[in-house]
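Here come two complexes built around chain A, the first alongside chain B, the second alongside chain C.
So, the complex of A and B:
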């Protein structure tokens, strides 16, 4: 993600140096964004870190409590927040581990097939991309009925009567299926563009050497689009760490809190009914944020250095 | 050439895609069809693809005189918020993209790199304090809460800047010789040339705003004020026993982005490769 900032110096230097006073026009152009950015991004981030060291309830004064919130959720085994936090974080990780590979492999397969340009490939592409433009709440309502025990097409097609949303491991399966159906569009388009960019010469040379399709895929295709795979792995992981809507509306976090993810707890503690426990919720959010940063950093270093 | 059209890999690819496309389209078609069934039929008649009796009562009862889940109200709230948000983003982003991409000023690179670095920060950390700030501004349960904060994003500025950097600077210089100022260059030359990327930014801002789920469900607790995306959660809870009614609500929520996709598909499909190309 290197940004070539230095390489595009405009050549207006000479003209500018004639004016003595500072030119305020650029500042006029960037200030609207900087104000919104400062007020709604920069300040909240700093404020949020501060809140996590307080026993704030969203309305009253924030009392500084040092590391107490972190100690409680990380180590204090008798606290209900400890159980909640560990369960929520564990489930969030389970979801990331289950869904990210699917959200990479499925669109990669689709993109490879689309790249062969068979009949109707444009139409197929449109169909696969479409769900990513729908809201998660609408998507989950549709899929809740898809998974309906008696009336749903899934069970009727399989000839089974599985309780998809209220028994494990089906609850996780259902959540992952919905997620894959919903969000592969973007990655698919990225891979398509990447695959189109690979020179045909490589494949022709490999064909002369008698390479099989599978060999070609692993020896030519994958290495050629490694940059895009790295990029999609990182952004997909970040996106999936923020899972919220699917378990909230599909399984309600059940059965027995086994799909209850951390963002549900954060939302509930800070904004749910009853007294707000924004301090604890902020500490949870901060650790979740830290996990996201660490995992994406590891992925970045790991995938970049594997030659 | 002719034989290539029917080659074996192409056939395999076609069959695979056909199977997947069927899987992908079933939920949408079945969902749409089910929203025209009566609840009685859905619950008691066993699994049927098509309704025995097509009814629109699910829609009419949701849209007309409905006070506990005012779907029509939510729809227009969403529409207003998404349009206003998109306009705000377009203004803010094209201004900033122009300055970072085509103007020279002290601190430009430092500020821009700083903005880029902040993209690494996970947004989940600022959820709670953002609520407090919005609350102190008196914006809870107002459109402002859903329109303004989202415009703080940096990624769109990055996209627009990259695009504007690639417009030859000679164009500006020629205009400058003719006596044009920064504003004229921006409005008359750079902005019109940047239409493709601004279109992409607009489409994604609109759909992003329309589909935003967590944030609106926090800042709107007044039922009248909710957006349709967050309202659907309430609707799901309210009509647990009437799934076809829920389905009608979901279909209504999908329609605007669906229509947008029908007309602007090209932009949506190009856009991702555009942003990925820059990243990759």
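So, the complex of A and C:
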């Protein structure tokens, strides 16, 4: 393909210098996306970053305060916003570390199981996928009943009376269980598609060589779907950093703020029942955004170069 | 092809932009003969409000009401944006009493002063005082109350007869009486008192102890002996096993007939109607039998007009005409379980029979309804709601928690630019 392009170059140069025209065709394809991206994504982000340098209540005039908000939440130890931010960010990271591996492994195992095409596998596929269709409020209501101390099926099965949503470490366990149950579907579908694409020849060859199924899984299956795993790890991590609904409705951030995640503080500061503290909230949000970017980048580099 | 692309791009841009601006001019209210009315009634009470609006519109007013119910959180976020942009500001809106001071300090509300001469019946004598005085700020009137809704206590009549006979003779149940009843009922696995929404429970008892949220109107005062005594009392009741345990759902227990006293809002009455036993409504738990010391936490829905250049004087009068109509026709609102703020309701025999009416019938009961209209009440609510249960269930020591709450409130208030 390169040769003809090169040969055309002189001709194009002449044309450009003559008419200084731009090729509009690609623009025509990306314009709709560009307009929407700009209006609903880029502008709000830039505006949000600007707000983080101000002291503003969303109503009056925004006073420019430079880096004061960042200084306060990052370094000013006696400020309650410092405590809020550090506690919130810490809990967000705890949640990501606990939930992301589960959100990868569980769907992968289920996808492998379904890939063996057992009886009723279509039915099970639908059952596993179904929770993803529910809204988070519905999911939390269901699980609040499941985790109820006296009447809840979970405690009845275990024969214990555990306070799932208000004591640690059960509160984290409950949040992670709910999250995994809720988001199995998305990743599972991706893995199923990937598993379908692996050639049967590999497995047959391995079988002849006497490989066990565990060996087959680690030596053939996993390497073959590495691309999809990389993609889901990054996407799942980004999604889990934005955790909000599960702790808000299931544990209320308790016990003693131990499941209070950063988005809860951001939301309350910006749009709580009191006067808005939008500057601080925006600064917190921006740093959370930075964290997500950095973590995704590290994951990407790490997983890509593992060969 | 290039020209075609350019044309396409231009068309898309024009369509997108005109869609955006078209939306705002399409629902622009200034030209139409409608009063756009925002309210946070998305629950069952929304049906009652809808009925009232329909009734009003049937009277063929000059301006008809367009009823828009929004989720509370969304409504409060949205109103800031529309007031900022000056476009699509609703002509009339319901907000909670505690927010009004803040809105006035930010210069966001239009005063009723210029219009009230046309509506002589909208005056203090015709409204419940605690709800009426909220709208009076620096000598101007900024809001007119729709209702006053209080946090009271439901009781199971059979269980009261069995374990606490006679406590309701004066319609005041004290914490001592609850404790005695709860201790008696323990052996039958019946719980005395439910630990429900902490904020109103706390504030009501805090006020009975003589506690105030602020002394000077700005600085918070929550880390004090009154607050310690308040949380201390609830903790003691838990320790004595008079209250439900952590993780138990008091609402469910009450419906199953396993709870004697259930503190909840008057607005919950419609949810309890399935109960298979007789129940009644009384004052929130009190420290003393003295009727003059009664406190029942209350809040109020208030009609306000946010500043808008698009709203003409005529239209503002049209909005107030509706407010005045509601004053005279608030029985439907009482059916939602609420107590209307217009005292005219007291003449209605049907209202007189409603269980929540005991709070308005007696002037001393009326005086017990307390609205906590501290300008930073929103921050206080968030803190009490986030930390209250941890304190009562003994996860954080009271002293430490109160220091923490006080500090958080001070830090948040320090961020307020509009502070006078």
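Worth pointing out:
Here, the second predicted complex is superposed on the first by the 270 of 307 C-alpha atoms of A that agree within 3 Å, B and C clash if a C-alpha of one lies under 4 Å from a C-alpha of the other, contacts with A are read in each partner's own complex, and residues count from 1 in each chain.
Heads up, the rule we're going with is that contacts are C-beta pairs under 8 Å (C-beta built on N, C-alpha and C of every residue); 3 or more make two chains touch, one makes a residue touch a chain.
As the structure is a prediction and not an experimental result, all values here were calculated from the model.
Within the superposed three-chain model, A:80 lies in touch with chain C and out of touch with chain B [touch as defined at top]. Within the superposed three-chain model, A:289 lies in touch with chain B and out of touch with chain C [touch as defined at top].
After overlaying the two complexes on the shared chain, residue contacts for A:166 are found with chain C alone; chain B is out of touch. In the overlay built on the shared chain, the residue A:271 is in contact with chain B and with chain C.
Shared-chain residue A:148: touches chain B and chain C both. Applying the stated contact rule after C-alpha superposition, one finds that A:194 touches chain B and leaves chain C untouched. When the two structures are aligned on the shared chain, A:23 is found in touch with chain B and with chain C. Touching more residues of chain A than its counterpart among chain B and chain C is B. In the superposed model, A:156 lies in contact with chain B only, and not with chain C. In the superposed model, A:255 lies in contact with chain C only, and not with chain B.
In the three-chain superposition model, chain A touches both chain B and chain C at residues 23, 25, 27-28, 32, 36, 39, 58, 148, 150, 271. The residues of chain C lying in touch with chain A in their complex are 1-6, 8-9, 12-13, 16, 20, 73, 76-77, 80-81, 83-84, 102, 106, 108, 246-249, 376-379, 381-382, 385-386, 389-390, 393, 395-396, 404, 407-408, 411-412, 415-418. Against chain B, the residues of chain A that register as touching in their complex are 1, 3, 5-6, 8-13, 15-16, 22-23, 25-30, 32-34, 36-37, 39-45, 47-49, 51, 58, 109-110, 112-114, 116-121, 123-131, 133-146, 148, 150-153, 156, 181, 185-186, 189-190, 192-194, 213, 227-228, 231, 238, 241-242, 244-245, 248-249, 263, 266-267, 270-271, 278, 281-282, 285-286, 288-289, 292-293, 296. Considering their complex, residues 9-14, 16-18, 20-21, 24-28, 30-31, 34, 42-43, 46-47, 91-93, 95-96, 98-106, 108-109, 111-113, 115-116, 118, 120-133, 148-149, 151-154, 157-158, 165, 169, 172-173, 176, 182-183, 186, 207, 210-214, 218, 228-230, 232-233, 236, 243, 246-247, 249-251, 253-254, 257-258, 260-261, 265, 268-269, 272-273, 276-277, 279-280 of chain B touch chain A.
Of all residues in chain A, those touching chain C in their complex are 21, 23-25, 27-28, 31-32, 35-36, 39, 55-61, 63, 79-81, 148-150, 163, 165-166, 252-257, 260, 268, 271-277, 279-280.
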